[in-house]
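Chain IDs A, B, C and D follow the sequence of writing; residue 1 opens each chain.
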Amino acid sequence: MAGNSYGTLFRLTTFGESHGKGIGGIIDGCPAELKIDFEAIQKDLDRRKPGQSAIVTQRKESDEVQFLSGIFEGKTTGTPIAFLIANLDQKSQDYSHIEAAYRPSHADYTYDQKYGFRDHRGGGRSSARETAARVVAGALAKQLLKGISVQAYVSSVGNLKLNIPYQQLDLASAEDNIVRCPDAAMAKKMEAYIKDIRKKGDTVGGVVSCVIKNVPVGLGEPVFDKLHAELGKAMLSINAVKGFEYGSGFEGAAMKGSEHNDLFETGGRTKTNHSGGVQGGISNGMDIYFNVAFKPVATLIQNQETIDKDGNMTTIMGKGRHDPCVVPRAVPIVEAMAALVLTDFYLRNKTSKLY
Amino acid sequence: MAGNSYGTLFRLTTFGESHGKGIGGIIDGCPAELKIDFEAIQKDLDRRKPGQSAIVTQRKESDEVQFLSGIFEGKTTGTPIAFLIANLDQKSQDYSHIEAAYRPSHADYTYDQKYGFRDHRGGGRSSARETAARVVAGALAKQLLKGISVQAYVSSVGNLKLNIPYQQLDLASAEDNIVRCPDAAMAKKMEAYIKDIRKKGDTVGGVVSCVIKNVPVGLGEPVFDKLHAELGKAMLSINAVKGFEYGSGFEGAAMKGSEHNDLFETGGRTKTNHSGGVQGGISNGMDIYFNVAFKPVATLIQNQETIDKDGNMTTIMGKGRHDPCVVPRAVPIVEAMAALVLTDFYLRNKTSKLY
Amino acid sequence: MAGNSYGTLFRLTTFGESHGKGIGGIIDGCPAELKIDFEAIQKDLDRRKPGQSAIVTQRKESDEVQFLSGIFEGKTTGTPIAFLIANLDQKSQDYSHIEAAYRPSHADYTYDQKYGFRDHRGGGRSSARETAARVVAGALAKQLLKGISVQAYVSSVGNLKLNIPYQQLDLASAEDNIVRCPDAAMAKKMEAYIKDIRKKGDTVGGVVSCVIKNVPVGLGEPVFDKLHAELGKAMLSINAVKGFEYGSGFEGAAMKGSEHNDLFETGGRTKTNHSGGVQGGISNGMDIYFNVAFKPVATLIQNQETIDKDGNMTTIMGKGRHDPCVVPRAVPIVEAMAALVLTDFYLRNKTSKLY
Amino acid sequence: MAGNSYGTLFRLTTFGESHGKGIGGIIDGCPAELKIDFEAIQKDLDRRKPGQSAIVTQRKESDEVQFLSGIFEGKTTGTPIAFLIANLDQKSQDYSHIEAAYRPSHADYTYDQKYGFRDHRGGGRSSARETAARVVAGALAKQLLKGISVQAYVSSVGNLKLNIPYQQLDLASAEDNIVRCPDAAMAKKMEAYIKDIRKKGDTVGGVVSCVIKNVPVGLGEPVFDKLHAELGKAMLSINAVKGFEYGSGFEGAAMKGSEHNDLFETGGRTKTNHSGGVQGGISNGMDIYFNVAFKPVATLIQNQETIDKDGNMTTIMGKGRHDPCVVPRAVPIVEAMAALVLTDFYLRNKTSKLY
């Protein structure tokens, strides 16, 4: 119960530190006889990979995943699926400056206080490198969710906001640019802005939006494990996330019931979808859509005042490879966590009726 | 794993429908020797109770909680604490009109699809009446969290927004008015607005904000069970919630790292608190603060077009007692869920170090 | 995680003390649309009830179960099923003598040490009265296990052992006598022996055997949650149980592989069944059978030397109503726990294959 | 929830098949700052290792464990500890004969029925090779249980039974012979018997006994997670186990209460220990002792009639390297599972009292 597992029936447990031997995980509860598309998994990893473009961290990791168990003759056997991604490009010496100092708005201080001890190299377990394991499991989960599409994209970077409803966007086109914004003009602006921010040694936050289509009706469990509550937890568990809203979200809080209610059409679909595809915590078959807010990366290439282990003031030098803005690389992570949530609820829902 | 439990070590399981015999729950994992202040629990229930003021539902429920086990001579024994709140004022006949029709933006349709069957009276299990059990458990959890204060309040109703940082408010004064807004002038406006909305048979959404002070450093578990991820799930599991943000939240996504980073002061406190008291998913000792967005109540005193069980169009009459705006009654629910999250992490953290 | 829940998908959480307001529980995860036979549940409770015959405790409890939620129009709704059995005949004053003294081989000492505090009346939570809640949930589970029969019986009392293979017994006839032994002659002897033991103020142990027929192939999960491992835990969790063996059991440990192996017949059945219906932790469709050893009840109507709270020697008087031998009343409890285990694995198995 | 995890707070999840790339696991929930003795872990692995003596399987595996995460500068960091043992000596072709046939009393048939598919090589996931991962985790757990000793030994092989109370044995001497029986004379007889059985291509069962000393009072949780119930589950989850008894066990079922009760001595110790160190599911500070029955290994070097995938009769040749008797190698596995159970309850017990 130390928090490194996600899911109840389709359950991922991850391990690994930024500068240890590698990262990986075990998926327990994957049904048998799923034919695995290994290329699709590697492709999602590549979307998350460092060094993939000029606007992300330049750490060089091939991030090739190796499966260790649970798959036989290309198909899952129903037994645990273990996988490993080796760490190759560890410049651990880059981190000697933080062995005794706490980086502002990082987890250095809290880990040290909680455990009395930490692996300081690259943030250790608190590094976002851990999310590569999520992408592996999520990419596998996507394959189980036959017919359901999970598509995330960057909808804002700093104050640059894409104010176009997702229905009017070609979401697939998000992959056509390095920002992963499905609006070419806005993507250009965002790219330029991120490059500028990087030059200044600064960072910037952003928002990733996600749309899930063709979800069957009935996923989600009353009352604590509502579909959107688990989606929220899953997203908030990603490094740097500060907020989650689905459907009408925070704007919905300003609306009236007579505006907000989604009236039914014959058959069960609704005319509007302020509900975001979820009613009473259970999917209703309409699109699920949500926004995830990411704070600016805390690592700056600037000197910052901070404290050391003894609580005394010191100065920390800006060093280490890092992302000027996480959202382009966060897109496949958001998708992965969404896929994990849906897969788990898909399996859980198999037991809601008797036969 | 059907979703009616919350928490890992301090674990609440709830039961009950709006128009059944009652609602209640079992708390398992409460440490022994906690002296219970029963009045404080009832007081929190009264803050959530229907009929408490002119701007909430007029269902008459005394909502008196009866403890059935786990407490001996006024103290917890370490064994399960069961409790029951009887349902008294059930006008089930008020709901005969929805036996065959699905109310828009309610859970009628999704429950029926998921289970093939539902208790339609008052929404059954999907009714927010279920949250009374959370308030009981949360009020008890507050007593365990000695020294930690959990204070929620209404920060917006519709477009009426209290744009004052919580540090400049007297949060305790929220209880001085029926809206539970800690700014008397704004509370007046909100109250008038809710009354107006009610007259029109309409409803409106709002935002509840919450501030938690004096949290010890170290609560929260990497990597999936981050403190704010559990807070997010807990809040999103409350009926009608559409969004959650903590610390800088969605605004933080527009900021630069150089603005957003919280620089340390000697000793471990930080000068700013965009982190919202959480770094790397673990509390850092600063105030935890967050916002929870509630959609407008879906029950209107207006006729609405909808569908029946067979998917055909029908008209549903506006009937049934309901809240024009949930946020005043949601305040103690938000506090309760926050207290449950913190208590669970407090117990979990007892095992992070060896001795 | 304080240990008062059993099952992963079909999950029972119980509460209650011997001399509190009552005992009961919540079943979460029961699929919807199960038609409940309330009489069958009460009948199992009556088989466990105190005062049912001359050889059991004379505490008078009607043990009528009241369902509080989760059932609508006689069918389960998929939401939590709460139930309550009131405590009526509490002679708590009978226990004043143990407020400060620890009864030998009872849980008085360990509860006090663990929790620093205990409800001493009738053993509080450690009383076997708690098992009535298991019987309710188990009786409901039996109804879900359509076609599967779960039949337990008394196979030994003290040194009186029924050395007849279950295949040669009419198991249903166990209910024809108050001992619940399916051999009339042996039942008579056992009854006489128990009466004699009672007269002497003494108690005696015994063995309950159980046979489960018509189990589908495939129940049980590798590697820790093997079917027989969960059965073992379930049985060992019943008060006073000291041992569990299934199939060939302890005798199997003395056998050779060439004797012990169960050879297949065309179709998948086996010629012998030393495996006890389980291979590799998964049911193989053959009968599951096992033995459960119960120690003699620790409450004697004799004076015993013991210690008080301060660790000093004192004498405890034999008092309180109790069973001279628990096995006749343990029969429905063993069945209930077996039914809970099977139901949980039945639901879990729904997700072992993809579709 | 597919069953490959054990423990609630100190939680081991294992993976791997007999003839895949390797086996291993993740330990989540190990407290920080535990100094790891890697040699002690390897030593326990060596005690379980194939090829260690003339009476065990001759598969050649060095079984060297590699730790991948969670340990920094020789100490645990509180984050997940992943480890891997490579499979080296895989003679998978030895198993081509069982691709289409089911070995009697193996898990071939049940896995195929459950999953529709299996990795047949060496039994795949159902192979006892999986237990090496348990030994790693258990050896680490032993280091956390400072002062508590966990010592198992062989007490019977076939009909050769060591009828000497453990108190009269020098348990450490069990490691002086290849049978692991702490009585030199009996060990000799057992060794000779096993060698004889092997020559005949047959196998034989046996019993492993275990004694745990210096357990603190208070471990174990009412009511389902009793200490001995978890010990029972843990033991029964080991391959080939058919029975578990603790304290007086099955013999206790034949005793009278006046004989069986353990009378207290001043201070809380008891004069006798039929309770086996557990009262009401909670440790009382006395020695915990129990017996675990292992069936004879199902792989014979004899031809056996069996069925193929289509349910038709066929003959299976005796092939493959295997143990003539598992108990000598089971000794460290029993210890490992006992250590995992105790460690988990040790951590769980940290939350039974408030402060």
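We adopt the following convention: contacts are C-beta pairs under 8 Å (C-beta built on N, C-alpha and C of every residue); 3 or more make two chains touch, one makes a residue touch a chain.
Since the structure is predicted, the reported quantities are computational estimates derived from the model, not experimental observations.
Q: On the document's contact criterion, could you list the chains that touch subunit A and likewise touch subunit B?
A: C, D
Q: Based on mean C-alpha positions, I'd like to know which chain lies farthest from subunit C.
A: A
Q: Between B-C and C-D, which chain pair is linked by the larger number of C-beta contacts?
A: C-D
Q: Rounded to the nearest whole Å, what is the centre-to-centre distance of subunit A and subunit C, using the mean of the C-alpha atoms as each centre?
A: 46
Q: Would you kindly tell me how far, in whole Å, the mean C-alpha position of subunit C lies from that of subunit B?
A: Here the centre of subunit C sits 39 Å away from the centre of subunit B.
Q: Calculate how many whole Å lie between the centre of subunit C and the centre of subunit D, each centre taken as the average of the chain's C-alpha atoms.
A: Taking the mean C-alpha position of each chain, the two centres sit 26 Å apart.
Q: Do you know which subunit A residues sit against two or more other chains?
A: 1-5, 8-9, 14, 29, 32-33, 78-79, 114-116, 125, 222, 352-353
Q: If you look only at subunit D, which of its residues touch subunit C in the complex?
A: Its residues touching subunit C are 1-6, 8-9, 14, 102, 104-107, 109-111, 113-116, 125-126, 130, 156, 158-159, 197, 202-207, 217-218, 220-226, 228-230, 232-237, 239, 242-250, 252-268, 270, 274-276, 279-284, 291, 293-300, 302, 304-307, 311-313, 348-349, 352-353.
Q: Mind pulling up the subunit A residues that touch subunit D in the complex?
A: Residue list for subunit A touching subunit D: 1-5, 8-9, 11, 13-17, 20-26, 28-30, 32-33, 66, 68-70, 72, 75, 77-82, 84, 114-119, 124-125.
Q: Which stretch or stretches of subunit B touch subunit D in the complex?
A: Counting only subunit B, the residues touching subunit D are 1, 9, 29, 31-34, 78-79, 144, 222, 347, 350-354.
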